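Provided herewith is a single structure, encoded as structure tokens, for subsequent inquiry.
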Amino acid sequence: MKNILNYSYYPGCSLHASAQEYEASTRGLFKALKIGLHEVPDWFCCGATPAHNVDELLSLALCAKNLSLAENVAGDLAVACAACFSRLKTTQHRLIDNDAKRQQVEKAIDGPVPLGKKVKHLLEILARDYGLERLQSAVQKPLAGLKVACYYGCLLTRPPEVPELDDCEAPTIMEEVLKATGAEPVSWSHRMECCGANFTLSRPGVVLKLSGDILASAKAAGADCIMVACPLCHGNLDIRQGGIEQASGTRFDLPVFYITQLLALACGVSTERLGLESMIVSPMPLLREKSLL
Amino acid sequence: MSRIGVFVCHCGENISRTVDVERVAQAAARLPGVAYATDYKYMCSDPGQSLLKKAIAEHNLDGVVVAACSPRMHEKTFRKAAEATGLNPFVCEMANIREHCSWVHEDREEATAKAIDIVKLMAARVRRNRRLAAITVPVTKRALVIGGGIAGIQAALDIADAGHEVVLVEREPSIGGHMAQLSETFPTLDCSQCIMTPKMVDVANHPKITLHTYSEIEEVGGYIGNFQVTVRKKARSVDMAKCTGCGVCMAKCPQKKIPNAFDKDMGTRPAIYVPFPQAVPNTPVIDRENCTYFKSGKCGVCAKVCGPCAVDYTQQDELVTEQIGAIVVATGFDLYSIEPKPADSPIQGYGEFGYGTIPDVIDGMTFERLASASGPTGGKILRPSDGKEPKEVVFIQCVGSRAREKGISYCSKICCMYTAKHTMLYKHKVHDGQAYVFFMDARTPGKNYDEFWRRAIEEEEAVYIRGMVSRLYQKGDKVVVMGSDISVGIQVEIEADLVVLATAVQARKGADTLAQKLGISYDKYNFYSEAHAKLKPVECATAGIYLAGACQGPKDIPDTVSQASAAAAKVMTLFAKDQLEREPIVARVNERFCAACFACKKVCPYGAVEEKEIRDRQGNLIRVVASVNPGVCGGCGTCQATCPSKSVELDGYTDEQVMAMIEAL
Amino acid sequence: MQKTITEQNLRALIDLLVKKGTRVVGPRRAGSITLYEPLASGGELILGELPRRSAKEAFFPLCENILSFEKTTEGVKVADVDPSQFPETVIVGARPCDAAAPGILDAVFSWDYKDKFYLERRRKTTIIGLACTSCDDACFCTSVGLSPADPRGSDLFLTPLEGGGYACEAVTEKGEKLLAEFPQLFTDAEAAKALPQAEPAGEKLDLARIKSWLDGNFENPLWAEISERCAGCGACAFVCPACHCFDIVDEGGETKGCRRKSWDACGFGKFTNHASGHNPRDAQPKRYRNRIMHKFKYYDDKFGKTLCTGCGRCIRACPVGIDIAAVLEEISKK
Amino acid sequence: MIDLAKKIEAPATIDITAYAGATEAIRAEAAKLLTEGAVAAVIGYIPGRRNGTAIPAIVTSPEKAQELIFSPACVNNLALYLTRAKKEVKGKGRLAVVAKGCDMRALAGLMGESQLKREDVVIIGVACAGVYGSGADRDAPLAEKNIARKCRECRVHAPEGADVVAGSLPPLPEFSPVEAEELARLEAMTPAARWAFWKEHFSRCIRCMACRSLCPFCYCEQCICDRNRPQAVEATPRPAGNMAWHIVRAMHLAGRCAGCAECERACPMDIPLNLLNRKMARELKELYGHEAGLEPKEKGPLNEYREDDDQSFIK
Amino acid sequence: MHAAHKNHDFEPKIAAFVCTWCTYAGADLAGTSRMQYPPNVRVLKFPCTGRIDPVFILRAFQKGADGVLVSGCHPGDCHYMAGNFHARRRFAAFRQLLDFVGVDLNRLQFSWVSAAEGGKWVEVVTGLTERVRSMGPMREFKELELEEQWSGKVDTPELQEAYEAIS
């Protein structure tokens, strides 16, 4: 059967490691929706946060090379990880009107930088290309009664001029996608706050505070769970949740889903393919309670 | 001109040091059309000018070239001297052999040769100069002031006090504008209404002022001294002539729950209302959208209770045409509102501040109404959500202003000062309260301004935090303010009871539409453009239209009043003469050859080109041609360079003059 | 005995004339077209094409200075052009319709005022005519009484022969002189058969009849009908061998300049524009009428000649397709 | 089996039988308009005396309308007759005009310049595959050899915005864009070589003013070159004045010329005048994104501006 | 004290078309500041660059200018608000045309010189003068001016002499 849409696909390192459930659910969901994902052969690290802190040229060249590899695969480039998405978009943005820099990078990667290749986050593909209406009609098992705190983190919409995904400070795209599944997004304050990100290793205290605030805010807003689109945020909110509970003395018990997990669940993808078991805060009790299993 | 006199000036030694002036005079004498040439030590001196006058008379000269300094220096001097002998001043030109020659060259031979060439160019030009007569335009000594805020009121009163008639047009049912809404004003903390209302009454009572409230500008035609302005007087549903302003209708109106915009929707008003008790005129207006009678045809209470029978439900909009000589635009500003961004606006909203969904996040004008003794709380600071007195108030400056990423790059100028004022007013009313201010910079240039700001901090104990706020969110009954204090480099979180946003000053909605009617220009933010930032700050490029107040850019009250008086002074200058006289360097259309493509009209920065119909004696239209209104023409000559057939010519710079100079190169 | 000349010798003749300092004018390639222009050598001569402009400019230049002036402190100095400076000229390869034209124009240039510019050039010019063996659908010389082999106006007339070469007929003394000057180039030969001459398609027109109609129809709706499509350019007049109107203007600066004479055309709106702004021929039909009247009536009235040689250039050049042959045909049917 | 490759191959010549359909449609429409009295005259083409020629005609009766034709010989841009330069025609009343796609662009330009009101003219558009070049073989089928240069690069075969469209388009061959190639060739030359090129061409100019007279945009009441006080351009056909004249004309048409190439066609001296106009059109498109005559525009590129216009050439 | 005065074989004639409000005033400032620049420039004053017709440039070249300068107010400074904006477009187009007919654009300069930029005026005039001097005389238009149609040509010794004088 023919796919409705086809994309080249850049999973990024996390999806092949700590965020395997993101990868699995993404593939499951996209298969169910008949959206083709064709992994870019020989892709490698986007450089993530460390690279651009060390060497701008390196960070740009890494992404530029990945973009040029992606040129071998037809279709816009689908990216799941918010950080990879940010880096790839930033690279195009930096080079598009800086000829000098572009020439430098082109020299480094020994080829042209495909500035025209469209880089799209999964959210954009689902909400815009595939469309909310179509998404809604693909839902087989509405997630009725599930209250979800949609958490954007930092990189999906910032800085304002780069991602072009949604309003920089008041985005709604996650809520819109979520609503298509029948779940209920809660209105809460910490949708855009930093989770602490990489400090999770170097200064865990910072993460305990920042992610703790996020969890507390979600809980206060009445959320049953949190939905994220970034492996790093997921790590801090899910893996660190126990530590946060310990430090703050508050019990949250908020499972942290990837967008694709909830969507795939709603679209009837087998729960075995969603990697639910690899979540530290088990979603099973919640899903059972809401009769979603 | 065929009998030209050339007068070569030594300028002491300024010219003669490097230019052989005698030789220049000798060469000039041999030029075609030159009947007389001489040189003199100081042409601009009295004896020099006498020499010029004498030579004109003796040699029957009909054109003059003074080879001396820059025309920017002495052109007027010599033209006047020539005029004194009966010559037309525009046949006198200067050849600049000082700034453009003797001062910039050292080699005497070269400088002399160049000076001769310069004289040759100017002589060739003067041969083709035409005698130009000064242009006069009749002036209707009647001014239109658009906008009845403090700027409009000030301008109207100044002009009327000078004895000229003024038509003041205000969109709202009452004059007063933003200033009438304010509680107290910086830096003196005097009561705004106390200083404002007497002026409003002066306007109402002034015999020279015709006041059109609840009215808008429909159409503007004409030009400086001769505008025709049509004013739409919106149907008030109350006969102004009959109404005594007793207020019974308002008291009896059964529909009383309409949010009062004057109080920023915090209070309510009836459907027949005056915006505020001191309104001028004190005649109510029926808000037809909310009136039960207009909605359902039932009710009619106000008409029944009105003693003088002033209520008239059948009233229609009325168009009034006024003959006007000068226009002062004083339409003021709007405040930026924290709402989701409108679809067509280039300006981004403030999603991080909750788009105004948190009830205890208010703007500065709302705070003014809270603090105002005549406001909805009677001057008590009570927060909108639950009417409690807020103990911790956070003020955030530069909301919308100086935010390039949000689409506005300018500084709104007044927020630093009014925020400081707010902290003081707050402290005066809530003694145990604490005010915090997030600010980028405190801009306090102005008499007693910085002292005022310092007082807010030092005496009224406002805590100023340098940094911006990243997010506001409701937490219980508090509003959490997350910000940064960049002076110490830490993140700050304040759980406030009330947050006041100093939102940006923006151009009035619809400012562009009015500008198009007036034919004036505006910047990308829709603020009206002055003709010159420094030298013509209150004039529009369109002659006869002047700017006052915040419609031209953010301004505080003292600046607004000063500009209003300046605009009034400009109007009075214009009205000081019966006829407007101007330099006759204007474009003229040769109607015989005009092909009516109107390229000239398209390029004219002044809108001076009109389409003129030529009719025969029976009134049949023969053809249409371009026509330049000399009263409006600025004299740039862009039309002539654009006209393919050169059927429009700029007097003083005709092609014939220019070509003669090129010929003489 | 008839003289003949080979094509090679014809070109050699040009070379010899050029060498001697004579200006030789003949059809020559000019960009993408052919024009009568001075030839640098015989090789440049183009045979078999009718040049875009007629040969009249050899006597009546497109533009010439007639005097120059200079203002000085001592007064105005005027320098006349000295016609004796005009070069001796031979026109080679003039077609009958071009060769016939000067003969017609002589009348107007030597009438009450003797135009020394024209006459001096005319005196110094020898015309070597060339018969036409081909024509196109615009040619109509036969309609106006000429023919593709008419030697009128030529001093020496060449007729192409079968198998190459030309029969030479000395029509005037100038022609004989030329034959005598370069005897080595001409051969006495048994005349080979002349190539058949071209046959323009048009019927012979009754010029007298046309003229008599013109005599009585200064006002006639026909003028508007023909010329409402006329765009008012001067292409017809400028390519015409017989049109001879000119304008005189002063050009240059205030202190120095030239008085120049250049071609003008009665089709131009400004042609009869008075200084007052009044224009007696204020509409195109009046101007077009003048063109026909001048050619077929006025000139005939005055000089007994028709001012048209049927070259067809105006028909080819008219950008709006006005066809003088068709106009004449229509008039002759009235 | 059908040879697909052969089928999709563009034809080498244009099938001019399609023009017959246009002729029929024009006659019918013209007769209708004239019978109804909707127009005082129809400006169209009728056959010329010579075979394969067509000339402009101003037709005022339905009978005469039956003489109207459309053929590859219909080269004229009839927009000319709607300008003020042709007052006699304009004075007749409301007019209908037969217009090819290229002529439509001139009409749009004239409307933008207040010379013509859309409601004052009925436009009988005609689908045109191309017309003969000047001096072309009028007997041969319309092909690369004899088609007008402008038609080789035509992008407006089907007129847009006409009141009715007569005829339909036959399959169109691909022609090499000679004007674009010539432009590129000239641009690649040194300035000195370009000067020599134009000098040679302009020196042939005889100032017959056919270029001006045929141009729909040369409708000035008095041309600048007819003025002598001051004299901006010499009136005599000398090389200096010729050069100035053609430079001034190109400048005056810049941003206005819609590319009908009538100047070039009318030139009896074969001066490639349209090259100048094409050059200016291209520069203005590159600089300001302006294309003349696609639709009536209020302002041309040289009578409007943007504050951020390119000024890299200003030092 | 003075820079050694150089004699050049060729002194170009430079025509400067300037607006009165900015560049003319800028040139005045150069004068009052006693700056020095080559004397080759002849200034023609206009109210605004908007008044400057491309024909003037053409005419200047025809009448013997070897270089032409057009200079006015910086964008946004126009005394008449928009004259220089219109001029900018006009000259952007005109220079392309001149280039296309083969005029070397090095002879034609456009500048913005404000009333405060006396120094820039000196720089611009000096630069243009030196550049044009190194290019030699502008022959194209002058040669053309002397050319006649073949039929009207009279090879008088005077004309011949004049013709030779220009090369």
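Read from first to last, the chains carry the letters A, B, C, D and E; within each, the first residue is number 1.
Rule of thumb we're sticking to: contacts are C-beta pairs under 8 Å (C-beta built on N, C-alpha and C of every residue); 3 or more make two chains touch, one makes a residue touch a chain.
Note that the structure is a prediction, hence the values are computed from the model and not measured.
The set of chains touching subunit C and also touching subunit E is given as B, D.
Under the contact definition, subunit C and subunit D share the contacting chains B, E.
For subunit A, the chain with the farthest CA centroid is C.
One simple way to say how far apart two chains are is to compare their mean CA positions; for subunit B and subunit D this gives 48 Å. Centre to centre, using the average C-alpha position, subunit A and subunit B are separated by 51 Å. The centroid of the Cα atoms in subunit A and the matching centroid in subunit E are 63 Å apart.
In this assembly, the C-alpha centroid of subunit B lies 71 Å from the C-alpha centroid of subunit C.
Shared contact sites, meaning residues of subunit B that touch two or more other chains, fall at 592, 603, 642, 655, 658-660, 663. Shared interface positions of subunit D, i.e. residues touching 2 or more other chains, are given as 224, 231-232, 237-238, 302-304.
Contacts with at least two other chains are made by residues 62-63, 253 of subunit C.
Pairwise, the chains that touch each other are A-B, B-C, B-D, B-E, C-D, C-E, D-E. Across the interface of their complex, subunit C is touched by residues 48-51, 53-58, 76, 80-81, 85-86, 88-89, 200-201, 204, 206-210, 212-214, 226, 228, 231, 234-238, 241, 262, 265-266, 268-271 of subunit D.
On the subunit B side of its complex with subunit C, the touching residues are 30, 32, 124, 127, 592, 660, 663-664.
Here subunit B touches subunit D in the complex through residues 592-599, 602-603, 624, 642, 644-647, 655-656, 658-660, going by the rule given at the top.
For subunit E in complex with subunit C, the touching residues are 63, 148-152, 154-156, 158. Those residues of subunit C lying in contact with subunit E across their complex are 37-38, 57-58, 60-65, 79, 81-82, 85-87, 253.
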